[in-house]
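You will see chain A twice below: alongside chain B first, and alongside chain C after that.
Let's look at the complex of A and B:
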């Protein structure tokens, strides 16, 4: 608490010289730094993955080492996955990092196509291929899916086509994430994004605050409808569950992903080191919304912690149905809060988002 | 009769001069209903023509009768795609359309597929059920009696085993039966089913021609009865969905209209039907993947959005349904926005037209060729179409704000399964 007051005092002193900065601008400035740090973490994790994959391939080391690094990279991505605005969406870089949902297993089809044409397995070949093979989903297939893992171990040496492909993909991933960091840091983009805070909220001009809150809502709707509702079968009329529709069924990372997505929301609302969304709400006399948001997040985190099996399995077992249903409802309550009270407190309108089709 | 009266009225207002003041929200809602009724009526009449051609095909299978049925299927898509703008908001349409236009489908549920070239949804227990070859289907612990193929049976088999890729009915099931799998990938050519797949007795290819014919007829019959149902829901002066809608404040229907336009443009058409297919280079995500009619289906989806905005629909017989429009409401309130929206519609429809021109041109490039890896020209065409729809959606949002529609994404968080 004392630390928080000290920080606030320092911040107040710092901002004393530019008191015309609006609370919205302060939030967006701090949020931008947070996003940049997230992208940097994703990039450095991707580079480590690239290095460890090469060690695995050349030195024949334990597959669990690159697997663990894949998990770390995926975690870094999940933390920043909610950012569906800015440079990352302009070249579909988000899909290059991860292609999902993939109900028809396009990732296996596209990876097999490359493996069947070994001359295509180069960094250039991957960069020019379908977005599906350029990122974490394809790496997950190669490192976790049984036939591919067996192929690694059966050949004894790991220098075959799969290894070349793994190396080419992770090289591409490292390059793509590096480009994303740079694009986010771009001074012109940053200036424009910050300036957009003052733009009219009219559905035509970009506005950083509604970009950010809209992206939070889109992300949490995806968590509810796709990441949880998908495997539960709620997107189908007769609601049959299907474990293959969970996000990380090959690596059993689905629930970890949801947890990181929730913690990312928490980090946006409350970050003692910087001007967070809570402070923006406080500036408008709406601290109560921040409290409510945190309470709903806590509900979700608590419910999530009760599920002690991979989501792929839990959705298929009637014994877990009530917990999963409770979590689904609880996510709905959080989203409802964002959609209504939070947007109202911030005085913004949200337009269409890409979830509005079916 | 009523709509004729309105047409005359609208005409006289136009002549009278300062028109905008007399355009009312009620009038816009009426036009919305008029277009729905006309577009579903046209969907029905073109489906009935399709049925006539299918009857001719099955009674006398030949290349000519098969080709005629294929042409009729493509014609039936023209009004139906223009009806899709009534989805996303009109619950009655949303709950109903899956049986008619569900997609993408695991066609191995219906008929034979090439085992080496068939990619179905993971975990789909019905992906290779092959209803046509299987009078009795064992699935899990139960055995389904499929001996008699009726419209009701097919309707009950939709989402068999819980997978939404199990599409037993509707336009795409009929499309698959008329064309067969498109085994050309991203290379030229559509499905190549031979008419002999419908020949009875000696000469039947790929087996079970009797059941294939029964399936095709039952699916077409179901399509027609479904369309009749929806046409009746929009008929004027009846106790139906349209009457309920018109009994509410006009803002309710206007919100639904705008929500449908924006959702179809952005999430569905630009997103699911174009961006996914393009970025993943995935022919499995092509909308009319058997017939290679995708460019037209996309174009008429967008056309449907334009129809609602301008309150005008050109029917298949060439006559025009016309009335008070959103465009006129906007023009009365904010001429500048009206002009900008007009320009955006022109540009967006232009980039949809470019897809059609390329696909139907001298050296045709169909949608599945456009999405091939490395096809820069094709990718550019699709990207332009996507960007046009995204920009159009932004204008629709602006229009909504101007017309006092505050929240385009209504809060239904706990009810939207």
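Let's look at the complex of A and C:
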């Protein structure tokens, strides 16, 4: 940590002595701190989840306590889920935190397989197993899915194997998120990421601003196509809605997740305590794009607020169809804004062959 | 741009930190057993080019073209490099490598567009291209005469929808075609219109009659077979772009011999998740023992042993794109050469490299690095 502070200070001094810090550098510096805080929050929540799961298992406490902590941990993840660049993507760590979409119920299959194996469940076993069983999706299954919950409560004591697995998964999750925090703080990574701001934003060179804006677009496409379009049936052959294709159907957290994803975008654009994307746009005479972005975000948040049932149920009720379709269209408008006006205002070209589709 | 002009570029490179760096003229590629590389590329402004490079990956000629190209093929008799527009492009560009000039730009018929790939017949007289029939969105193989200015003389059905890459089998009389199965129409840009009713296949067609001799479907209808390469013994290796969920465990690389079932190659979970269900170029060695597949969304090139189906190695390459084997050395030619097949690789971040060494430990050696976004495929002669 001390090394990192020293290096960042040296970088700051170097940049300051050479020339005035560019608006892009200011934004990326502030964004990096924001991401680090997000990862810290995820790690801290994961550790608490691990502790509360152990209390639940050892002391037979109320299952609602670890459930509530799971919600907090998932909320922390949803806030930072958009960051699909940097160390988190290098070892599939993003998949280790959450495995979704899971239309084929692979999480349940793999969890059952682990529960049914004769050998005892260990942290090492989980850490070396498929990413499917290492994260929040598997914990959601164990804490919220009826047959598993019944298994916990039926004997009067917490089920041995399920508790061993729950403990091993949350221990792994705490370790994985801790590693992600450290990797993000790594001085060499930080220096390289900040320095990349000086590279052309042409899709050829690595560039932190392109990374960030590209990830914002990818995330919001995921929200539209997978998180909402999936349960609406837009990805199915028969176009029939299916509540079980929503992200958090077991815990009814799907709409909360979308809301947090939208608020994360809002936090990137506008953060009164740091140099935000709005200020970067203002520096380029494009404050109007920030206003438009906020207006589209507000449209989405307002539409989301009108849906007063869990998404799993709402998609199955014709009375909610229009609101959900309006939200789908509205998400499309936000994404279109990012893809066209925001990238143009910042002078960004996104990927070449990776976005080609041929 | 001629070679003599090219070395003006290092000065620009120093200024912009984004230009093209000239390699040493005695660079590794010169001795690597090939004469030229052909590839499409874009500059940072998004202008499209067709390019002819020397073995050191320096431009011999580079010509701006209106439509983005995808693949290319060399016609040795005419000394032409032919470049095909990617969908829904309608242009076929003919670069005369002797003069360095773009000598023909063919515009396809109003109800046809190219899919970005083509192949030249064994006798060098004919060109076969994958095309879309816009009247019914069926796949078409266009047959062009290469005697004089290329002109279409016939076409036949590709055996599916959305034919993409095709190759000539070693018998010289059969085409193998990756029918991707995806219906698209220029009116809806590149949107897939039949996602739920896709029917991709690997088809073998008799060149004399156009008849489908044999075809194989993948186990899932969203497994779009797109790119392929053929070893000298007729082994076909192909890459899949899966149109389903990122979390589905489906194979993405397969190998096939006529009359047999498809053999799917190992895809460990971490690789499956990192490549995001997307493969680009496929290159198999002449002996049919090793296959390389570029995966731009995972920023890697995978190397597989074809007999065991095992993934031998992953090489990092940001926005990995073109792959092409150099030469046709096989074990029967020379034991040493067989295990040390050389490949040329390119990527979307300006790198053109040689891949050499033992197949379990291939090493990437940079030929050139610059501001050109190399498109998905390249041709080496």
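One rule holds in what follows: the second predicted complex is superposed on the first by the 325 of 358 C-alpha atoms of A that agree within 3 Å, B and C clash if a C-alpha of one lies under 4 Å from a C-alpha of the other, contacts with A are read in each partner's own complex, and residues count from 1 in each chain.
Convention: a contact is a pair of C-beta atoms (placed from the backbone, for glycine too) under 8 Å apart; a residue touches a chain by one contact, two chains touch by 3 or more.
Keep in mind that this is a model prediction, so the values were computed, not measured.
*Asks:* Who does A:267 touch here: chain B (first), chain C (second), both, or neither?
*Replies:* neither
*Asks:* Mind working out whether A:106 is in touch with chain B, chain C, both or neither, as first, second, both or neither?
*Replies:* both
*Asks:* In the superposed arrangement, does A:199 touch chain B (first), chain C (second), both or neither?
*Replies:* Only chain C is touched by A:199; chain B is not.
*Asks:* Have a look at where A:130 lands relative to chain B and chain C in the superposition and call it first, second, both or neither.
*Replies:* both
*Asks:* Using the superposition on chain A described above, determine whether A:178 touches chain B (first), chain C (second), both, or neither.
*Replies:* In the superposition, A:178 touches no partner, neither chain B nor chain C.
*Asks:* Contacts for A:236 in the overlay, against chain B (first) and chain C (second): which applies, first, second, both or neither?
*Replies:* Both partners, chain B and chain C.
*Asks:* For A:160, is the partner it touches chain B (first), chain C (second), both, or none of the two (neither)?
*Replies:* Neither chain B nor chain C is touched by A:160.
*Asks:* Look at A:23 in the shared chain and tell me whether it touches chain B only, chain C only, both, or neither; answer first, second, both or neither.
*Replies:* Neither: A:23 stays clear of chain B and chain C.
*Asks:* Applying the document's definition of touching, compare chain B and chain C: which contacts more of chain A?
*Replies:* B
*Asks:* Now for A:350: first (chain B), second (chain C), both, or neither, which partner does it touch?
*Replies:* The first partner, chain B, only.
*Asks:* In the superposed view, which residues of chain A touch chain B and also chain C?
*Replies:* The answer is residues 92, 95, 99, 103-104, 106, 130-131, 202-204, 236-238, 349, 351-354, 356-358 of chain A.
*Asks:* Residues of chain C touching chain A in their complex?
*Replies:* 16-18, 42, 44, 46, 70, 86-87, 115-116, 164, 190, 196-197, 226, 245-249, 269-270, 273-274, 278, 280, 296-297, 299, 318-321, 347-350, 371-373, 375-376
*Asks:* If we count contacts the way the header does, which residues on chain A are in touch with chain C in the complex?
*Replies:* 89, 91-92, 95, 99-104, 106, 130-131, 199-200, 202-206, 236-238, 349, 351-354, 356-358
*Asks:* Help me check something: in the complex, which residues belonging to chain A touch chain B?
*Replies:* So the residues of chain A touching chain B come out as 92, 95, 99, 103-106, 109-110, 128-132, 202-204, 224-225, 229, 233-245, 329, 332-333, 335-336, 339-340, 349-358.
*Asks:* Would you mind writing out the residues of chain B in touch with chain A in their complex?
*Replies:* Where chain B meets chain A, its residues are 88, 98, 104, 119-123, 158-159, 161-165, 259, 262-264, 266-269, 271-272, 275, 279-282, 284, 373-374, 393-398, 400-401, 406-409, 411, 413-414, 416-417.
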